[in-house]
């Protein structure tokens, strides 16, 4: 039986990033999908040989420009635990707030890209317009829109004043109200429902079998969320992981939309609970070179990220390894793409929220 | 003679009308998205630039086929206004669209081909309606030419409300607007890259754009046929309909071809088919 | 006149008998060429002699009466069917043949058979004239084409035992049968020719003698014998009721009473022969025969016999319930097979569905009746014969070069077989592109259906609208395949050189015919088709269709301008490697980089609307629906008096 | 006198080995707050329609030929804009084993937009410079 | 469940249509960057003591320093704006300006073929008269 | 390593509802410089005494399994040329890690359920984390650092350069 072969990527407007699939189609049904990556592989893990551990954070931040803050934070947390540093409370709270803001940013960005993939240009524009407000918050508080470079081993570089925090909270809550309307569109628009509902269904068993993480797993009913482990002050926050059971693209959208609202709430709790006062210690400078190894797990917007850091007492680390969420979710994506429609392929790819530069490093 | 002058005027003026329409469309779309948008004459700038650019030919049959597409769009208008039977014009209209499909299909590359096949699907979805609409107009007025319909004492739209409804839906296909822009669209078209036009460049693309302007003008003419009291009424109704299309374009996602086919067929069958059935049952 | 028609019937029969004895190609080829030329000349002379006047009646030359010759021939054919059926352990066909023979014998022996006027055996009018030209010219061209085709066919499939003498013999006998059929006025004689075509098609379909083709051949035989049986019963009804057995008497005006019943049965016969649903499957099975067989069955013989009879009968059934039901069988078939054709991948089957659909339109026109629709019917018959004959021959030629009938493998045909592709393009254009006849006919049909009173008119227009769009879809798919291009290697370039001169000659002739007819559509319509259509309904001469010459001029100019543009464009430089492949490497042979290293050749599959249209389901649904309508038609004819 | 080229520069964005930072900033340029469509810019996603190739990220072993293919498929006149530190020079990853360096290692770059990540304003500046370069090239070929 | 006849985005689209676009009309209206935003590295040649700390710590290796020649150079196209050099500079010779780095064209090469975006300074030679 | 007991252990993790969190490989470089005074590898305290030149290269592989907030490891040490069995029969997602370590570390993985044929990354340096490649890079880094501290980097100090610097100032 003759088939159509569609060369999906490396350059393809659906994904700004080069993910490569050979889609084998009949009519528009995908009968097979052959994946490959490698167009972004930089060899980032090897940079430990070239860059000292103090500056390695800047390299790690550039694993991905979307969850840059979380990568920087994960690296610093790893080094802090190797070197036995307990960071100041204020710094920990600030990290938590920035982390949640970057989750909102990432989800808004993703919602927009997703909307663009199924041809809803206006929604894309609208989501990204909201995202710009988050970027303004970031630029105001960290000095960068995309790459924040605000983490440092032992704490954070910049503080947010209490008044600033209060203003940010108000801004975020206004955004939350605006976002509710957008969420309403995603939830009730018939054409979106047609494109996402029942498309790319990943059952709970399958999600567990291919070790999904993050919103992808939560949309299939697995209540996995690394924040539940309570590290990095998440134990002081009250929250429940957002779980949906449908497992389709729409469920993945819904999980992320609810997480945006949840993040705003987490930020509110954090601002309420963090010690007040503007002149608190922000960092503790560790001494000497690190030695030892550690596994660090964080919940990024896309799911669990896992860092392995091995230090040998020199200025250069011996081994740095990041297992990013997309790396864990790609097997599920390949599984879902097979048997879907060509028109569903962008939706399936995007609803795992792929970050190829994370995956390949 | 007058009819022929009207036809030739259409050939000359339709691109200007269509281009301006697209210009307004892009501004209004941008405003609906909270943006400023391009200048009004942007489609003409694009057209001019494309004519000046190098045209990379993938094979030699593409260009004649696209020229056929443009030519038959213009000829459809020419014939329609110069008094040819309007049902026959629906067939010529389909022929024009077919040329575009063939131009894209002849490239033998994955995305163009998928675009061409999808364009065939949207033709399959829209053609029955146009034939039916023309037949219904003939039935209502008892006339077969544009001038005859315009001179008729019936207001066609009053007797064909179902056809007008279905027209709103099917015109979305021809205007390449969401939710029916599955083969190509003015926005970057995602899973098929640029769909039909993926492998066209330079003046080839300019011709496609020109044909689209003709197509928009033709649709306006069809609306004039439906609202046959005066040309002005028809054009005003068309502009209102076009605004609605832009609004829908900015408020829906692109749907899959299966639903495009099913929904337009059902609409054609239910609204226009039902309308025509009533017309036949009531008549005489 | 009578001697000319006798020649047209007798000469091919004789030629067939001679060819049966000739096993050497060196003798057969000149014989076929010469014989074919004679038939072409004879049919043209016949037409010229006739001179485009009103219908004339005549008998055999020198006033010979057929006497019992008809019965003898019928007995011979029946015994042949019985023998061959028993030999293959198929009993339905012999049974039906025997019943039919029984009816004939009963009529004859009980003396119920009315006397037949020996001077009114034949009837020749403008429709017969058109049919004679189609059979004489297109049919003969197909026979000549087969000279080239069959040589390559047997080279390509050495397992099939070559019986080319039988094959060519049958082709000419077939032509003889058709000549007789379209000129007969006497129903018993027409039935004889009718059965000759049935038998010939049966033998041609079963030519390869594989189990598969034998099965299809018997299917065709069974269904056509059913039609023949209906024909025979119709004759019996007419005879026992003391009605005339002349076709011209039957169709003088709207039939009523017992006549309507007979006419309904004749319509059933016509519907079986023209492969309308529920009898479509025999024609699809016939696709397994060598391509010239298909070409002959589709363009100039067999199925055309069915619609010919229906067009003849149209004045009798127009405006009766029977007529509307016949029309809905035809139009329903048109819609259903068009839906099925969309899901079909075998090119020959697509062509077959297209034939069934086009004939469905003719049946629809015949059922509704009226001069306009007669005009449409004739127009479709002419164009369909030209274009479909051409297409089947071209597909045969392609099949012998590329060893495939799958339309998916026809891609980049314009690069691989450029001249053959141009012929294919002309054929396809003739089938569905605007200024060509079939589209004009469809348009005229819609115009005419607008005047059909009541809800059935609306349904007919709906069917036309959807059916026409479906036609565009499946032809468009095929056109995309044929028109696509890539760079090809030296070997592939050489393939076209092996097309035989027989094939070049016949296919080019048909292609020119398609173009010429399009150009001459107005004079032919005014001089021949309109007068006939009006005459059939006893209406005064008038302009049937108001086609503006300007419209045709503009369209034809545009269509003919395109080849010129293509020639101009082909001299421009281009880069076949320059297709978009997401940034991957490409080359002019349309090979692109694959995901896991290495390369992949561009492979494209047309859409078959999986999940929206279920071909086999629609086919069954159509068969059931049309069968219901057909039964209703026969019952109405028999009961409503 | 502005020609049609300066009023209708269509861009093609390709992500080399970028961290996504510049990519999303390129996309952000299309969104309401920056709206490059004001200048007639369309993000075509297709080299055959594009006038300006915006490359973000550096060149690694595997995407060399991709960038070359895309550049080759763009019809003349055409301009390349390297967006971000990585595209300009390899940036922080210049010393990683799989990185060959900036885009100018592979295709001739006309405009360099620095920054990590390049800001939308800088990208707009880069596109405007690209338009000027396009105009130059058009004059040369005309 | 989505009702097929509702289009919830319509109010939003209409609201946008009849309100002012959100666009910041760069480059016609330039919006001030936030204080503390990281943009361009600015170098003060007067105070530099050529300690090379900035060059050694720069993760992108964008800074070249030569103690012997009194030479300090930065590749703006390579600089990632991480602010490390500013933080480590003991002499406060380096500052981070909030303005973005300027765009360069192919023609912006230095007199000795330095790449676009290359900036270099030599230690000022004191005027003989001083 | 004993693949049967290893796979049995992995199978137990799978049955116990653990997720595969990471398969990590570390290229263990034999310490050549005194800076490796402390054992880099707790698992193998003897290693520093092995003469670097003769020792076959060693990889340390860790399979990390996660369940809730727990993380457990299976650690193995293999020498260059050894193959490791694939665990993709238990953990479907393992193929990506395994293809990666095969391509980046040159470790042969047997029994992959989706073999990407060494085409996952197609790196410029084949097997970039092989012992030779790492050693070569470390040497190059050291040399570059040495060069940077001793020699003037951008040599050309001439009138033109001075002019440029003046213009900048």
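All chains are identified by letter, namely A, B, C, D, E and F, in their written order; residue positions are counted from 1 within each chain.
Following the convention adopted for this analysis, a residue touches a chain if its C-beta (ideal position, glycine included) is under 8 Å from a C-beta of that chain, and two chains touch if they have at least 3 such contacts.
These figures come from a predicted structure and were not determined experimentally.
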Completion exercise
With chain A ignored, the remaining chains form one piece
Practice task
Determine which two chains are connected by the greatest number of contacting C-beta pairs.
Solution key: B-C
Exercise for the section: Just grab the chain with the largest centre-to-centre distance to chain D, centres being mean Cα coordinates. Expected result: C
Problem - Where chain A and chain C are represented by their mean Cα positions, the distance between them in whole Å - result: 65
Exercise for the section: State, to the nearest whole Å, the distance from the C-alpha centre of chain A to the C-alpha centre of chain B. Expected result: 43
Handout entry: chain A and chain E: spacing of chain centres that average the CA atoms, whole Å
Key = 27
Exercise for the section: Calculate how many whole Å lie between the centre of chain C and the centre of chain D, each centre taken as the average of the chain's C-alpha atoms. Expected result: 60
Practice task
For chain D, write out the residues touching at least two other chains, lowest number first.
Solution key: 14, 31-33, 35, 38, 43-48, 60, 62, 66, 70, 73, 92, 95, 97-98, 116, 119
Fill in the blank from the handout: Note: chain A residues in touch with at least two other chains are 4-5, 7, 10-13, 28, 35-36, 38, 41, 43, 46, 50, 58-59, 62, 120, 122-123, 125-126, 129, 144, 147, 189, 192, 194
Fill in the blank from the handout: Multi-partner residues in chain F (2 or more other chains touched) are 116, 119, 121-123, 128, 137
Exercise for the section: Sort out for me which residues of chain A touch chain B in the complex. Expected result: 4-7, 12-14, 28, 115-123, 125-126, 129, 189, 191-192, 194-195, 341-346
Handout entry: Residues of chain E defined as touching chain A within the complex
Key = 1-9, 12-13, 22, 33-34, 36-38, 57-59, 80-84, 96
Exercise for the section: Report the residues of chain B in contact with chain D in the complex, numbered from low to high. Expected result: 26, 30, 33-39, 42, 45-49, 52-56, 188, 193-194, 197-202, 205
Fill in the blank from the handout: In the complex, the residues of chain B that touch chain C are 4, 56-61, 63-65, 67-68, 71-72, 75, 78-79, 82-85, 87-88, 91-92, 94-95, 98, 101-102, 105-113, 116-118, 120-121, 123-124, 127-129, 131-132, 135, 138-139, 144, 193, 198-199, 258, 261-262, 265, 268-269, 273, 276-277, 279-281, 283-284
Fill in the blank from the handout: Residue set of chain F touching chain A in the complex reads 17, 19-22, 24, 26-27, 29, 35-38, 40, 62, 64, 66, 68-69, 71, 91-93, 95-96, 116, 119-123, 128-129, 134, 137-138, 141
